[in-house]
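Here come two complexes built around chain A, the first alongside chain B, the second alongside chain C.
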Partner chain A sequence: MRDVFDIAILGAGPAGGNAALASVQQGLRTVLLDEQPSAGGQVWRARSASILAAPETPESRAGAHLRSKLSTSDITYLKDARVWQIAREGDIWQLQVLSGGQSDAVEANALILATGAREFVQPVPGWTTPGVIGLAGATALFKQNLTLPGRRTVVSGTGPLLFYVASEIRRLGGEVAAVVTPNTRADWLRALPALAGKPRLLGRGALWIADLMLARVPIYWGHAVTEVLGHDAVSDVKIARLDAEWAPQKHVATIGADSLCLGNGLIPQIEPAQMLGVPIHYDAALGGWVPDVSPDGVTTIASLYLCGDGTGIRGANAAALQGRLVGLRVAADLGRNTQQARTAAQRAWRRAACFGRSMTVLSVARPGLQAVTSEDTIICRCESITRRQLLEEIDKGAASANAVKSGLRVGMGPCGGKFCQTAIAALIAKSRGRDVSTVAPPTARPPLRPVPLGAAAGSFDYDDLPIPKPAPL
Partner chain B sequence: MTYDIAIVGGGIMGCSTALRLAEDGMRPVVLDQGDLAQGASGVNAGTLSLQIKRVKLMPYALKGHHLWAKMGDAVGFVKTGGYTLAFNAREAELLQERQTLKAQAGAPIEFVSNNHLRAAEPALTQSVVAASYCAEDGYANASLTGQYYRGRLKDAGIEYHEQCAVSAISKGGVFELLSPHGTIRAKRLLLAAGAWLKPLAALLDVDLPVTARINTVSVTERIPALINTVIGHATGLLTMKQKANGTVLIGGGWQGRGTPQDGRGEVDTATVRSNLALAQYAVPALGAARVLRSWTGFEANVPDFYPLAGALPGVSDAFVLGCVRGGYTIGPYIGQLMGDLILGRAPEMPLFDPGRDFQEEAI
Partner chain C sequence: MIRLVADQSAQIRRAAEVRFSFDGADIIGHAGENLAAALLRAGCLILRNAPHDDTPRGAFCCMGLCQECVVRIDGQVVEACRSEVAEGLIVERAG
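What follows is the complex of A and B.
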C-alpha cells in the first residue's frame, strides 16, 4: 500500500517552508515539494556552492535559517521535484511528481499550495533583445551566483524591488547607468504610513536610495523605458516622462547601457488553485487575479489550502507568517488544538500584510503604461505574436482571453501564457472599453509544468493498457 | 423586434445552420453561453479521418470533409492521408472487419503492407501487425473554429451574442428567451448546444436523452518533423498528427471527469497517461517530447450514437441539432441540411428524428 502523508505542501519558499515547519511541529506527517535544488523560493533563494563565502544579506540569512530548520525537522522534503498534475482521488490528493526524469505519485490527505509569484513586464520595443532581464529575474542571478546582468545596467520598473536591484548591482561591482521608475516621490510619500510600521525595512530602503544618490546615479522618477536599442545586444535604452496614468509623454533621454532590468510588479501564480476549481476574483492591490481564500488558507474545496504570494502579493515576511498560520489551521482541521498559536500568528500576519499590500499598490502598473508597447512589439514571446496581431483579433470580435488564445495561439507555447496573459487581458480591456477586472484569465490546463511524454506515460506493458471497448461501428 | 429564428449554441452546428438560413433571407440570432465554438467545436483534436467515422454516417462525413477542404487555410485544413494501426491479432481482425465496411460505405480505405507503412512513416514502432490507409484523411485546427465562424457570421450580417446564457424559454405567439441581453423574441427556435442540450430542452419541458462524453486531448511542444500523416488505432482510441508548427496533437476519446453543468471538464490522470502511453507505443520517439497541455471537451450523444437532427418533439417551430458522432467533420454539412429543413425544403440527405425510439437502429 502506498504511503499517504497527512499533508503535502507545494512550494518551499517563505510560505510553504513555514507551513511545513508548523505542521510537522504539530506531529503531522508532512511532505514538502519544490522544483528548485534548495528551499527558500525566489526571495530566499540559496547560493550556489561556488559563492558560499559571499557576504550575507537579510535574504540569505532568512533563507539559511529556513533551510537549517527544514533539514533538522522530520519533514519529507523533495527537492528538484516538479509537480505536473494534481488530482483528487477519492479522499486523498494525488500529486504527479517529476524528479530525475521519472514521474512518481505522492499522496496526502490535505494539500497546501504555496506557489508564489511571477513577474509582470509590460512589453516595450526591443524587450526581447539579449541583455534585457526581469527585475525579479536579476535578483535570482545575484542570490544564486553573484552574477550581474551586464557591465552597465539601466534598472527600470516599479515598487521596492527596483531599488534593491540597483543597490545590489552596485554592491557586486556593477555600474548602474540610471534608475527609471514610473513611481513618483509622491507615490512613495503616500506609502510612508504603512512603511512606518516597519522601521527596519524603511531604513533599508532609505540606505539603498542614499547609496544611489551618493554615487550620483540618475534616478528618473515618473519615467519609463520606451524602447531598447541594439540588435544582438542592448546598446541604448530610451526613456520618456509619464503622465499621472503612466502614459508616456515626451522622450527625455537615450542612455547607453549593455543591459536592462525591467519589471512592473509581481503577479500571484494562481494556476494550480484555478485548475483545482478554486474561484478567483480581481484585486489590483494584490497584484491582479487572486483565489477566494480566507487569511488562514481555507478555500471552497475540501482539504485544499493556500498561502503566500500565490493568494495575493504581500511580500516575503507576510508569506512566512501566513505559511505558519495555514500550517496551524490544517493541523486544527486534522484534530490538533492550535487556537492560541493561530490567533497570535494571524495578528502578526495582518501587520505584515498591510505593509506588503502598500508595496504592491506602488508596484501595480497603471493603464497608461500600455502605451509603451508599440504595434510591432512582440507580446507573446513563445509564439512571436505582436500587439498589432492581437488588436486585429480583438477587432474581429474575440472578446475574451480564451477567444484570443484560440485564434492566435497566444499562451499556447511552453510558458502556457505566464509571461503574456496580463498584458493581453489589459489590451482586451482597453480595446473594448471594459475594466480589466472583467477579463478573466484563460482556462488553466494541466500539466502545471511541461512534462516529457515518456515520463508522464510511465513504464507500461502494451497488453496492460486499459483500452476501453472500441467506438460504435 | 422578432427574429425569424433564435439559435442557442454558437458551435459548428448552430453557426452553419445560421449561415444557410441567412443565405435564404431569414434573420437569425445566434446565442452562446460562452464564446463562439469554445465547446466541442473548438477543443476537439481536429481529426478529419474517414477511417474513424461510423459506417452509416459515411455519406455525411464525405460531404463534410469536402466542406472542410473548401474552408481551407482559414481553418487550418490539411489533407495528409492517414494510417490506422493494429498492434496485435485481435486488433488486426477488428481493423479488417471495420475498415472493409467503411470502404464499402464509400471511404477510399485500403489495406497496406508493412513496407509501405515504414516508407511512409519511419518513426512508427516495429510492432504494427496490420494497417489501413485513407488518402482523404487529414485534419483542421479546431482552435480556429471560433475565429472562423465569428468572421462568417459577421460577413453574412448575422447577429450573435457571446457570454449570453439562456435561462428561460417560453412560447406564446413567439419564443421568448430570457438572457443577459434581455428578452430575445423569435418565431422559431433551434437548440444546438451540444452537451448542454439536455438542460436547455428541459427549459421547454422536453426530455432529451443526451449524455456527455468527456474526451481528452493533449499537445506537445514543437518538435522536429516526426510524423507526416494522421495516425489512428484500430479501436479508435488514438488519433495523432503533427501540425505544421511542429506540435503533436494526441487524442482518441479517453475519458476525463466532470459534467457540462459544472463547467469545463477535468483531465483524469490515469486515462491521460494511458492515452500518452498508447501514443508513445505507436511512435517511440515521442517519449522525449514535452507535453505542454491536456484538456477535455464534452461530446454529446444519445443512446444509439446517431444524431439528433429535426423537430423538437412536442414543440412546434422548434428544432434540435446535435449529438453527431464525428460532429466536427460532419457539422458544417449537417448544419446546411438542418437549414434546408427549417426553410421547408427537402434536405439532400435524410435527417435524424429526435423523437425516435433510441433503442432501435436510427436508419
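What follows is the complex of A and C.
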C-alpha cells in the first residue's frame, strides 16, 4: 500500500513553508511540494548554485532562514516537483506530481494549497519582444541569478515592486533609463498611513527613490508605457501621460533602452482551488478573483485548506503568518490542541494583512489602462491572438471567458491562460458595459502545468485498456 | 557621485565558467547557473519564434509559467528558466 501523509502542502513559499513547519511541529507527517529547485517561493527565491558569494539582502536572509528551518525539520520536501492534477480518491487527496520527467502520485489526508501569485501585465504593442520581462520576473532574475535584464532598462508598473526592481538594477550594476508608473505621488501619499506602521519598509522605499533622484534617473509619475519599439530586441520605449482612470492622454517621451521590466500588480493563483470546487469571488483590493476562505484557511471542501497570496495578495509577511495559522488549524482538525497559538497567529496575520492590502490597492490597474492595448496588440501570447480578434469574437456574442476560450483557443495554449485571462475579462467587461467583477475566469481544468504525454500516461499499457462489453442492441 | 544604493556587482563571485551550446552556438555560462539567465547574459534573447505569427520570443515571466522560454534538452521540451547550465550541455530551439 502506498504511504499516505497526514498533510500535503502545495507551494514552498512563505505561506506553504510556514504551514509545513507548523504542522510538522504538531507531529503531523508532512509532505511539501514545490516546482522550483529551492524553497522560498518567488519572494524569497534562493540563489542558484552558480553564485558562490554575494551581499545579503533582507529577502535573501528571510529565504535562508526558512530554508534552514525546513532542512532541519522532519518534513518530506519534494523540490522540482510539479503538481499537475489533484483529485479526491475516497477520503484521500491524490496529487499527480511530475519530477525529473516522471509522474508519480503523492497521497495525503489533508491538503493545503499555498500557490502564491503571478503577475498581471496589461498588453502593450511590442510586449512580446525579447528583452521585455515581467516586473516580478525581473525579481526572480535578481534573486536567483543576480542577473540584469539588459544594459539599460526602463522599469514600468504599479505598486512598491517597481522601486524595488529599479533599485536592484542599480545595486547589481545596471543602468535604469527611466522609471514609469501609473501611480501618482498622491496615490503614494494616501498609502502613507499604512506605511507609517512599517518604518523600516518606508525607510527602504524612501532610500530607493532618493537614490534614483540623486542619479538623475527620470521618474514619470502618472505615466505608462504605450509601445515597445524594435523587432528582435528592444530599441526604445514610448510613454504617455495618463488621466485619473489611467487612460493614456498624450505621448510624452521615447526612451532608448535595450530592456523593459513591465508589471501591473500580482494576481492570486486560484486555479487549483477553483478546480477542486472552492467558490470564488471578486475583490479588487486583493488582486482580483479570490477563493472563499476563512483567515485560518478553511474552505467549503472537506480537508482542503488555503493560505498565502493565493487567497488574495497581502504580501510575504502576511503569507508567512497565515501559513503558520493554517498549519495549526489543520493540526487542530486532526486532533491537536492548538487554540492558544492560533489566536496569537491570527492577530499577527490581521495586522500584516491590512498593510499588504494597502500595497495591493496601489498596484491594481485602473480600467483606463486597457487603452494601452491597441487593436493589433497580441493579448494571448501563446496563440498570438490580438485585441481585434478578441473584440470580433465578443461582438459575435461571446460574453464570458469560457465562450471566448471556446471560440478562439485563448487560454488553451501552453501557458493555460495565465497571462491573458485577466486582460480578456477586462475587455469583455468593457465591451459589454459590465463590471469586471461579473466576468468570472474560465473553468479551471487539469493539467495545472504542462506535462509530457508519456509522463501523464505513466506505465499505462495499451493492452490493459479496459474494453467495455458492447451495449445490447 | 554619491550613491545611496551602492553598486555591489564587484562583490558577486560566480562558479567556474562552463561551455554549452544553444542552437549550435557556443555560449559561456557558469556551473549551476540558471539557463535563461545564462542565455540572457550571453545576449541570446530570442529563444524561439511563436508558432502562429513567427514573432521572436524570449524569457518573459522567469518563473516557469508563461512557456515563452521553452527550449529542447535531450529531446525534452523544458523551460530555460527552470533548467541549469552544465559543461557540454546541448540546448536546441524548441520552435
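In this text, the second predicted complex is superposed on the first by the 463 of 473 C-alpha atoms of A that agree within 3 Å, B and C clash if a C-alpha of one lies under 4 Å from a C-alpha of the other, contacts with A are read in each partner's own complex, and residues count from 1 in each chain.
In this section, a contact is a pair of C-beta atoms (placed from the backbone, for glycine too) under 8 Å apart; a residue touches a chain by one contact, two chains touch by 3 or more.
Keep in mind that this is a model prediction, so the values were computed, not measured.
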Q: Return first, second, both or neither, reflecting whether A:S384 touches chain B, chain C, both chains, or no partner chain.
A: second
Q: Using the superposition on chain A described above, determine whether A:P414 touches chain B (first), chain C (second), both, or neither.
A: both
(Q) Looking at A:E393, would you say it contacts chain B, chain C, both, or neither? Reply first, second, both or neither. (A) first
Q.
Under the stated touch criterion, name the partner, chain B or chain C, that contacts more residues in chain A.
A. C
Q) So, A:A352: does it touch chain B (first), chain C (second), both, or neither? A) neither
(Q) I'd like to know which partner A:A365 touches here: chain B for first, chain C for second, both or neither. (A) neither
Q: Would you sort A:A403 into first (chain B), second (chain C), both or neither based on which partner it touches?
A: first
Q) Touch check for A:C261: first (chain B), second (chain C), both, or neither? A) neither
(Q) According to the stated criteria, A:D232 is in contact with first (chain B), second (chain C), both, or neither; which is it? (A) second
Q) In the superposed arrangement, does A:P452 touch chain B (first), chain C (second), both or neither? A) both
(Q) Just to be sure I follow: which residues of chain A are touched by chain B in one complex and then by chain C in the other one? (A) 413-414, 450, 452
Q.
Residue numbers of chain A touching chain B in their complex, please.
A. 85, 87, 89, 94, 96, 275, 393, 396-400, 402-403, 405-407, 409, 412-414, 416, 443, 445-447, 450-454, 456-458, 460, 462-463, 465-473
**Q.** Complex contact set, residues of chain C against chain A
**A.** 1-15, 29-34, 36-37, 40-41, 45-47, 50-53, 55-68, 70, 76-77, 81-82, 84-85
Q. Chain A touches which residues of chain B in the complex?
A. 34-36, 38, 42, 52, 54-55, 87-88, 94, 98, 101, 127, 143-147, 150-151, 154, 162-163, 219-221, 234-237, 253, 255, 264, 266-270, 272-274, 276-281, 286-295, 305, 325
Q. Touching chain C in the complex: which residues of chain A?
A. 35-37, 42, 48-55, 80, 101, 118-119, 128-134, 136-138, 140-141, 144-147, 149, 167, 170-173, 207-208, 210-211, 214-215, 231-233, 378, 381-384, 413-415, 418-419, 449-450, 452
